[in-house]
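First subunit A sits with subunit B, and in the next complex the same chain sits with subunit C.
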Partner chain A sequence: MNGFGNVSGARGLTALSGSESPPSPGSEPGTVDMMVNMGPQHPATHGVFRMELRVDGERVLDLVPHIGYLHRGSEKLCEHELYSQIITLFDRLDYVSNFNNELVLVTAVEKLMSVEPPPRAELIRIIMCEFNRIASHLLFYGTFAIDMGAMTPVLYNFRDREKVQALFESVSGARMMHNYFRVGGVKQDVDADFAARALTLCDDLERGVDDSDRLLSENAIFIERTSGIGVISGEAALDWGLSGPVLRASGVPYDVRVEEPYSRYAELDFGVPVGSAGDCWDRFYVRILEARESIGIIRQAIALMEPGETMARVRQIARPPAGEVYAHCENPRGDLGVYIVSDGGERPYRLKVRPPSFCNLQALRDLTVGHYIADAVVILGTLDIVLGEVDR
Partner chain B sequence: MVYGIGLAKGMGVTLKTLLRPAFTVQYPDRRVGVMGAAKAAGISTPGLIFKRPIKAFRAVIGLERVAVRPTQSTRFRGNEFTWYEERCTGCASCAKYCPLGIIKIVTSPGGINVQEGESYAIDTFDIDIGRCMFCALCVEACPYDALHMGSSFERGNYVRMDLVLTKADLNAQAKHPSTWFRPQMEARDFSPFDDVIDDMKQAGRHEMPSVERLTERWVEDRKTDQAEDD
Partner chain C sequence: MSAVDVLIAFAGLLGLFTGLAVAVLSLTWMERKTLARIQQRAGPSVVGPHGLLQPVADAMKLATKEDIIPAYADQLLFWAAPLFVVVPAFLIWVAIPFGDGLSVRVLDLGLLYLVAISGIGVVGLLMGGWASSSRYSMLGGLRAAAQLVSYEIPLVVVILSIAVLVQSLSLDAVIGGNTITVGENTRELQGQGSIPFAFVMPLGFVIFFIAGLAELGRTPFDIHHAESEVVGGPFVEYSGAHWAVFFLGEYLNTFVISALIVILFFGGWSWPSPPESVFGTGLSDATTNLLGGAWFLFKTYIVVAVIFWIRGTYPRLRIDQLMSFAWQVLVPLSFANLVLIAAVLFYDWPLWVMTLLSLPILFGAAFGVQRRRGVRGRPRTVRVLRKSAGEIGRPVFSGGKPGPGGVITTPSQAGD
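Up next, the complex of A and B:
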């Protein structure tokens, strides 16, 4: 491919000098390494993410991720907002699992203020978070299949996700940016018919997850594309600081809900699915199993629900004492942590987010090098990044 | 690995879905056949064919459409705000609580408020919904139930200035308040999509709060807060 060497860099293709000199005219056609820009407008990067690939033909020799296209300065903004206003900013970090994001912030502030939310509020939070986990995983199955060229699953999964969002709307008034959890509970109690609706939805989602499982997991083409691709061992995954399904697919049974139970997870009985190979197929299948566990959690939580208060007695404008606190929760993407330094005022002195997507993205280079370009898309898909969280 | 079994399973799911009724909602309108057009017009199918043959013919060739209203929860936080001037004291709690600072309030002395008696008159009450993120914190902050979220979502515009809701706009528009954070409306099964609340007394608490309630609110709560702060 001599000609590629002359294509201008402005089009995203740049020939690299050095490794192999271009062949002289008339001789055997040789190859040159090439720089390919993937993103920030590439649909397979799931947002505004750019990968700089050095490729030899179809083989990826090197990968440099470039982030920051969606940087909004959320952490700095938080220093100027009241704690209740920060919840609206946390909705916008990982914008496909908003409830889980809200939970980590209110958990941290409650820890700092030593506030105990009422039991009913905690169960509503758990139900909402687990529904959101399923919705997020449903979106993952669909977009992951699209990454490999399968159009069907995403349509089915959006159908099921829509039902979840209808429930969210009836609870919080919004389909995505809920702003529903508060320091000390939840803003408004759920409807009287909530439990019945949630249980019906659980049955629907069970069928929906089964559909995704049947559509993809055993499909021969899907297995060929995913098994043995992007393998990472458990030790390496821990070394990189990976968390969530990406870590559990490598056989490490680490789940914050089990290791450091927050809210009322200690009362609930659920399994932590782990993979064995640590390849793309395992990372996909762990999420299928996790969604099923979440449905079980929701059913248990609904059975535990009793009428009662949904807000502890705290001031609307929370003012935690001076000090610092770290709280972390299991997000659909991994271990989301928040570190707050308070000077005793109504606004945090400093707020730091530990985003799971950002940490999981570190391993991308190691996972991808040596595979084909098409596999780079698949590997990025299984990391399931959300750029709102990576860039903050 | 046997090729084909997995593929067949997937095709089975597709076939099953093919036989199910469609989940997609056609919005803002959907096509109807003769029977659907007759139902929408409120007459029987033969009645439509004989009395309004043109309409029936249009339905046959697929030109007849009926409007579809999407199903929304009554708590839906819509993008026109509902505001009752008689309830508002101009305290600007909403403006202070707004994370974006998009509510502008100008007051002058001389107004009368339902709950507080002598109060401020509202000269300006602007909400820039072009920058609003509909978090509804302003609705939570309002101590007099004067401000409510709306329930609509169709507010496309060509000019940004038209997205600023002024006091005149808020007073003029139909009042379909959302039941978000308004349990008193939920308690009486109010649906903003069918009903309008024009009477400000229906929108929230309207009697003067009792002395005990005021004491609890302004004296006892503050004592506890002070104790917590110390």
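Up next, the complex of A and C:
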């Protein structure tokens, strides 16, 4: 990319000169395109994401994403940690859906070791993951609304997310970086009043999701800003390797929980919201409906819970046999996979993460080009990336 | 003009300046408190009782902050731009009547003066946007120019309708009773002492309110300083006192549009009844004016609160939607309003005919806007496939490998 091309504004054309980009074919004679640099400190890029926009007035002609500002070398770090320590690193990948990340790792290691966690532990995991999915989606509704200039929903959603985190804290001891799942189960059993509190929380969240639904999706401005914006077809979405709500919004009913049921999802009945337009509206509304389905899953899982063990009999320091394994789960953002190569030691030989945010982000340019600058922000919002996961 | 007159005018300006500065402080506090209440927060609560001194603390902070002028900025224009916003915003208030003939300067051409002065502000935004030499401020400045110029037209045409209705450009005439002569007929127009013009021309009121919001650059028309897009637009490079002056101008404009709504459509200080008829005529002139002014300000603050309320509720329009709304909806409607009021006066119909004619147009337009844009409630494009109903669970990747150009069989149940 040609960096900063021509500059508008005072002394711009000479002062900040770089290579000037030639006028695009569509623009009028005598005009030049402008480069706009968004991020990594832009309020709408959801973290340290940077995009270079080439714009003709308000129209986006080209977009180049730049990632890597939050690169911490997580995958390499994992090669130097015990499996139990890697759980804490996975908490920090997608830092708004920590339980879902932990689940992928412990599922992979259990698969490698052929360990079966006790049924109660599996249900606790499912409940935690689904609560986390709701919390993550609540955050999405709020930040998405902020991207569009509505500042109120995010505060309501933070109120509800706070309640979820309070429950997480009582279960795991931490609001966000839980480190609660273990290879073979969970760290400790939940309290006696857990079921009652979780059910109350379900009611609260149902109201919270309804609030977001009514405040945003009934609003004509909101509909007009999202409907028909950033359309991607099901085929293109699959070609890009998109997953999660972004893929389902394009009409592909692919949900790992249904296609390759892990944990005890096969026993639970739930719906998978699928869009048909593949636009920003569908990507938003799929998430609203998904949160409601998650509440249903939690209620079923609580009904299934019976007293029992929460930890299988495994060594404190897991030492899986030599071999390799790939496990993937349905994260709030999509299909999170982990590939582990073990040489029989207590640390993985190689660990590779398949991050849904990263894959979803790839489609950003195709989705955005031709739209307005304001739409670029909205489209990026619906992809709902978490930079901790994109950069790792 | 004698020395005394000059002194009185000077004292009036000084009083106006002080009063408006206090009003702006109160507005910032009120905005933050209102938004906080809407958003289930406490808002400012530490500095002073109920955070009442927060605006003072903010003002002191801003005044003492370093005033940075970027190296690549056009120094002079950058420095002067805030003045082009704030000075007109102050000047408008010279003509605003707080009571019966109680304004710093009673202008017979008050409405013309308002329209003329309020057009200057956009120059300041454009100057600031250009002089900052930042692409965000450039985009913001151009957005502001396009938006403010477009929405000025419906605004002015509605003001023109009011002028036609009262047959005068004087703000006092708009508020109080007036005699108008149409052709052979002379009749008493009760002004807004009896019926506020919001009820006489509801269409004009709605147009004025919407266009006024856009003139202010307030939600849902805040595209020129949209934080999530152009990060503050023309203000992005400003700091310290210059930034404060910009925002002084913004809040003054908010206040003035609210005051204009009250004056033009809700009878200013006099509706529903002037102080004399409530408290009797025994009061001194000063007390009467004070009561009238307080009532006027109270009404203005209510309008301001509605504007803040809208800010806490709505998302923002996109620039093309905003421009097409101005040119395709508001401009034609405002001219329709002007023609209607002219016809009503020409044929000497009673004023309720105007109301009757306006309301169908207003509701028809609202309906048309919804229909024309295809917004009929939420799109019904998402449906839930249930596992138990067997609608989902068949493999997506049946046969072939997924990939570019591969044989992907997207299930037929997906789209239909």
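The criterion applied here is as follows: the second predicted complex is superposed on the first by the 362 of 392 C-alpha atoms of A that agree within 3 Å, B and C clash if a C-alpha of one lies under 4 Å from a C-alpha of the other, contacts with A are read in each partner's own complex, and residues count from 1 in each chain.
Note that a contact is a pair of C-beta atoms (placed from the backbone, for glycine too) under 8 Å apart; a residue touches a chain by one contact, two chains touch by 3 or more.
Only a predicted model underlies this, so the values are computations on that prediction, with no experimental measurement involved.
Participant: Which holds for A:Ala108: it touches subunit B only (first), subunit C only (second), both, or neither?
Facilitator: neither
Participant: Touching A:Leu123 in the superposition: subunit B (first), subunit C (second), both, neither?
Facilitator: Neither partner.
Participant: After the superposition on A, what does A:Val286 contact: first (subunit B), second (subunit C), both or neither?
Facilitator: second
Participant: Touching A:Thr152, do we find subunit B (first), subunit C (second), both, or neither?
Facilitator: both
Participant: According to the stated criteria, A:Ile223 is in contact with first (subunit B), second (subunit C), both, or neither; which is it?
Facilitator: Touch partners of A:Ile223: subunit B and subunit C.
Participant: Let me test your reading of the model: by the given contact rule, A:Arg319 touches which partner, first (subunit B), second (subunit C), both or neither?
Facilitator: first
Participant: Taking the superposition as given, does A:Gly173 touch the first partner, subunit B, the second, subunit C, both, or neither?
Facilitator: It touches subunit B, and subunit C stays clear.
Participant: Report for A:Arg214: first if it touches subunit B alone, second if subunit C alone, otherwise both or neither.
Facilitator: Touch status of A:Arg214: first partner only.
Participant: More residues of subunit A are touched by which chain, subunit B or subunit C?
Facilitator: Comparing touch counts on subunit A for subunit B and subunit C gives C.
Participant: Just checking: does A:Glu81 make contact with subunit B only, subunit C only, both, or neither of them? Give me first, second, both or neither.
Facilitator: first
Participant: Taking the contacts subunit A makes with subunit B in one complex and with subunit C in the other, which residues are shared?
Facilitator: In subunit A, positions 152, 156, 159, 215-223 sit in both the subunit B and subunit C interfaces.
Participant: How about subunit A: which of its residues touch subunit B in the complex?
Facilitator: Residues 81-82, 84-85, 88-89, 152, 156, 159, 162, 166, 169-174, 177, 179, 187-189, 191, 211, 214-223, 315-316, 319.
Participant: Going by the contact rule set out above, which residues of subunit A touch subunit C in the complex?
Facilitator: Listed in rising order, the residues are 7-12, 15-16, 34-37, 42-44, 57-58, 145-152, 155-156, 159, 215-225, 227, 234-235, 238-239, 249, 251-255, 258-259, 269-277, 279, 281-282, 285-286, 289, 293, 372-375, 377.
Participant: Would you pull the subunit C residues touching subunit A in the complex into a rising list?
Facilitator: 35, 38-41, 72-74, 77-78, 129-139, 142-143, 219-220, 222-223, 226-231, 311-321, 370, 373-375, 377-379, 381-388, 391-393, 395-396, 402-405, 408, 410-411, 413-416
Participant: For the complex, which residues does subunit B have touching subunit A?
Facilitator: 1, 3-7, 9-10, 12-14, 17, 23, 71-73, 75-77, 97, 99, 133-137, 140-141, 149, 178, 180-181, 183, 186, 225, 229
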